[in-house]
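Chain lettering (A, B and C) follows the sequence in which the chains are written, and residue indices restart at 1 in each chain.
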Amino acid sequence: MLTILFDGIAYGMLLFVLACGLSVTMGLMNFINLSHGVFSMAGGYITAFLINRWGVPFLLCLPLAFLFSAALGMVLERTLYRRLYARSHLDQVLFTIGIVFMAVAAVDYVIGSQQQTVKLPDLLKGRVDILGGSIGLYRVFIIALCGCLAVTIQMLLVKTRFGSQLRAAVDDPRVARGMGINVNTVFAITFAVGSGLAGLGGALGTDILGMDPTFPIKFMIYFLIVVTVGGTSGITGAFFASLILGIADVGGKYYVPQIGAFIIYALMVVVLIIRPQGLFSRSRGK
Amino acid sequence: MSNHPFSKRVWLTAPVLAGLSLLAPQFPQPAAAQDTVKIGVILPMTGPSSSTGRQQEAAAKLFIQQNGATVAGKKIELIIKDDTGAPDVTKRLAQELVVNDKVSVLLGFGLTPLALSVAPLATQAKVPQIVTAAATAMITEQSPFIVRTSFTLPQASVPMAEWSLKNNIKKVVTLVTDYGPGLDAEKWFSDTMTKGGGTVVENLRVPLRNPDFAPFLQRVKDASPDAVFVFVPSGFGAAFMKQFVERGFDKAGIKLIATGDVTDDDLLQEIGDPALGVVNTHHYSASHNSPENKAFVEAFRKANNNMRPNFMAVGAYDGMQLVYKALEKTKGNTDGEALMAAMKGMSWTSVRGPVSIDPDTRDIVQNIYVRKVEKVGNELYNQEFATIEAVKDPFKAAKK
Amino acid sequence: MSMTPTAHQMMLDQARWRWSESLFWLLSLGVLFAFPSKALLFSQIAIMGLFALSLDLILGYGGIVSLGHAAFFGVGAYAAGLMAKHGLGDPLLGLAVAAAVAACVGWLTSFLLLRGSDLTRLMVTLGIALMLFELANRMASITGGADGLQGMMVGPVLGLFSFDLFGKTAYLYALSVLFVLFLLARKIVHSTFGLSLRAVKGNALRAGAIGISASSRLVAIYTLSAAFAGIAGALSAQTTQLVSLDVLDFHRSADVMLVLVIGGVGWLYGGIIGAIMFTLMQDWLAGITPQYWEFWIGLVLVCLVLVGHDRIGAGVKSMVARISGKGSAA
């Protein structure tokens, strides 16, 4: 029982780190980015590469994965994505899907289609017994790390000057510019951080979710579900949505395996029917 | 709206269209090409099953490279197509290959629905369809022109159950991927187990697109069986194995038994140490000890950037072998029925061991090996330690 | 004629059948004679075109974005497939039943889409399609599950033309159905209903103020679109004589969206032209590089957006206008 709850939380936390960048770009910046998974894939592959080729320790790989994906996100944002902020949603969909196709085929060409694996440090292997349930250490690690990240990001958004600048830039870019906020830079940094988090999620998730060239397509749907169910109020929504979905998915598959595959979709549809704007919405001043 | 210009022009166009369509264009009839024998190879080269396509393409090309592109005075030409794993595309490609390219043989078919989609066409066009990958048992029953050189899941699962019964594994949970081959494996393993006096506590089915095995594994653990029997498609093995070990099954005394799909040669190295000691049954291991296989593995690695061949590669390699042998026997006659007659009962020494084509079911008869994952040098291999000779597909045998 | 056309005339002008359109349809028939060996590909294009046309009805005219349109394609395909499996192999009957079943599903689910933003609708449609996919997988005794539906026996069209190996009947059949349904769609979007729909899409609040109920219009067009998609699915099932889970798969919904956006949203021909471009390009690229064609498709999409696909759409439109101008003068 407790084990299942913990597994669900760990899965949810992983979803959160993977998707929270998207919930910022999509929810706050109103940019539909279906290629978000590409950055996760970048993080996962760079981790697998560093560990398997150069024997870099796993824990060191995590920040590297973050930096690598963030840099990639920054470059792509500056060169390509930036042009699409003002375009229609359909254009954004078309463009980002195109990026996904290219990334999938390119990774396949360069590295091959096989699954990537990472070696976890012994420290994170094994299980601990807590209150009669046995929990994998790696999952405990994920929960702790992602929990900290969630708090940090929330603090950044709410408490810091950058957070206020971002919110201002999103609400009304023109006025924000007038106030002397460099909107372009704010967006670029936000995009980079979001991509970096996706990369970190990819690195963390490789061991549990698997990592192959089709990752961006396979998980696109899950990211979208998290963002939509969470609503556009920023990352709080995404956080709770990930947790609920993670627990419901794992729990559902454990208790009623016959209908396990339905649960996450059904949950999403029900939530969206009751609250079309997602769990946590905010009124947008238009 | 009476003077609406819309309708008038439409009604002028429509009869013209209708009239023209009656003038049936003249279509060329399919005829056997003179000196070239074309083989249409349809494989999933992109999408989730692309690893199957890669292995098979490489093997088919290697076979031609090794055996020359001429047989019985005819030049062999491969036409390779990607069906992306979508059955309607498979069917269209097959149809185009038959009608436009006039292929004499269709070969490949990575997944069960893909193979099935072409079955009616094979019957209609009288073109042999050689299934080199898809492994649901009933495929060969769908057309008298289907031959299989891969394996069937009952073929691999029944020996696993028999071995388990002999080795004091009596209480088992099955965990399979929820689609045709998985259900085949589940049914035949469970039936054999139950008949032999064992019990199957639970049959778990994992959805085909399932990112996390955790809840299913937890259910297995709670049932605390002697062993868990697993089938997941080639490619899913790595993620499964990791979680299996992470959950501490070895310490709980739950053994893992599987069909060889889980410890696929292509992935084994990636899975790494967690796979050590897993007992499984299958028809091919890259470490199979025979001169034919050693030469094959070496050549395959050399031609493909050190990629290790897996059972998919061998399916295609033997598919090509079968085409060559049949052509030799018919002296280059590419008539579908003649080729089929030549293929039935054909036997040869494959890199996997002796094989033959069952003349009644057109399915492959082959040895099934019981293997254990061990470290050989720096690499992991499925080391064969017992052989069950000349296994026919139990599914069709049971019908008689 | 007065220099300032009345609104009535303007609408008539828009609805007018141009000679270039006749040319388009004659050409689409002519390609069969020019390239008989590609008949199968053409019928796949015609079906994709019809499917994209159905999406255009809700996206271009109703303003509803959907990432789950395969739901209706799949329902139609399974309906027609099951009919053919159980002895009712007449193709036209199959189309009718598929349309009816898909319309029912469309009508029922349309009520879930009346509220919410684009994103919400996108995800609700996606969720419904994915649930149907799992349902079809689960009900293997009826649908054949992941193995696909076996044993379809499709009769000859109108009792006369049976489906041949070359795909000639398949293409003519698919093209005729596409043509008839295209005319129907054309009639509808230029009818008063179609105009009221445009009003709702433009500004639902104002449309409501002049007495147009947004909800009933959206429900109606969504149901119609579902029926069209269902027919496309049925066509696919009948011409290929197979139905598998793939018809409900996510990639099908995504593909049709791409096709429509490439061809241009909101002018009925967009879906068909997109289908032609996308399928031909895919077939050509996959012929050259079976492993990595996706990369090039992706590159084309990216470039298309950067250059601006509306410009390509506008180019085609102006070309059509020019040709039809000449046509009318002659």
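Going forward, contacts are C-beta pairs under 8 Å (C-beta built on N, C-alpha and C of every residue); 3 or more make two chains touch, one makes a residue touch a chain.
The model shown is predicted, which means the values in this text are computed figures rather than measured ones.
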| item | value |
| --- | --- |
| Subunit C and subunit A - chains in contact with each | B |
| Pair sharing more residue contacts (C-beta pairs) when B-C is set against A-B | B-C |
| Centroid distance [mean C-alpha coordinates] between subunit C and subunit A, Å | 33 |
| Averaged-CA centre spacing for the pair subunit B and subunit A, given as whole angstrom | 36 |
| Contacts with 2+ other chains: residues of subunit B | 46, 50, 54, 207 |
| Touching two or more other chains - residue numbers and ranges from subunit C | 134, 137, 291-294 |
| Multi-partner residues of subunit A (each touching 2 or more other chains) | 105, 108, 261 |
| Footprint of subunit A on subunit B - complex, ascending | 46-48, 50-51, 54, 204-205, 207, 209-212, 214-216, 218-219, 235-236, 238-239, 242-243, 246-248, 266-267, 270-272 |
| Interface residues, subunit A side, partner subunit B - complex | 3-4, 7, 11, 105, 108, 112-117, 119, 125-127, 134, 136, 138, 207-210, 212, 214, 218-219, 222, 249-254, 257, 260-261 |
| Residue ranges of subunit C in contact with subunit B within the complex | 12, 15-17, 19, 21-22, 25-26, 29-30, 32-33, 36-37, 40-41, 44, 134, 137, 140, 145-148, 150, 165-168, 172, 176, 179, 183, 186-187, 190, 236, 240-242, 244-247, 249, 251, 286-287, 290-294 |
| Residue ranges of subunit B touching subunit C (in the complex, touch as defined) | 4-10, 12-14, 16-17, 20-21, 24-27, 30, 45-46, 50, 53-54, 80-82, 85-88, 91-92, 95-96, 98-100, 112-113, 116-117, 120-121, 124-125, 136, 142, 178-180, 183, 207-208 |
| Subunit C-touching residues of subunit A, taken from the complex the two chains share | 26, 32, 80, 83-84, 87, 89-91, 93-95, 97-106, 108-109, 221, 224-225, 227-228, 258-259, 261-262, 265-266, 268-269, 272-273, 276-278 |
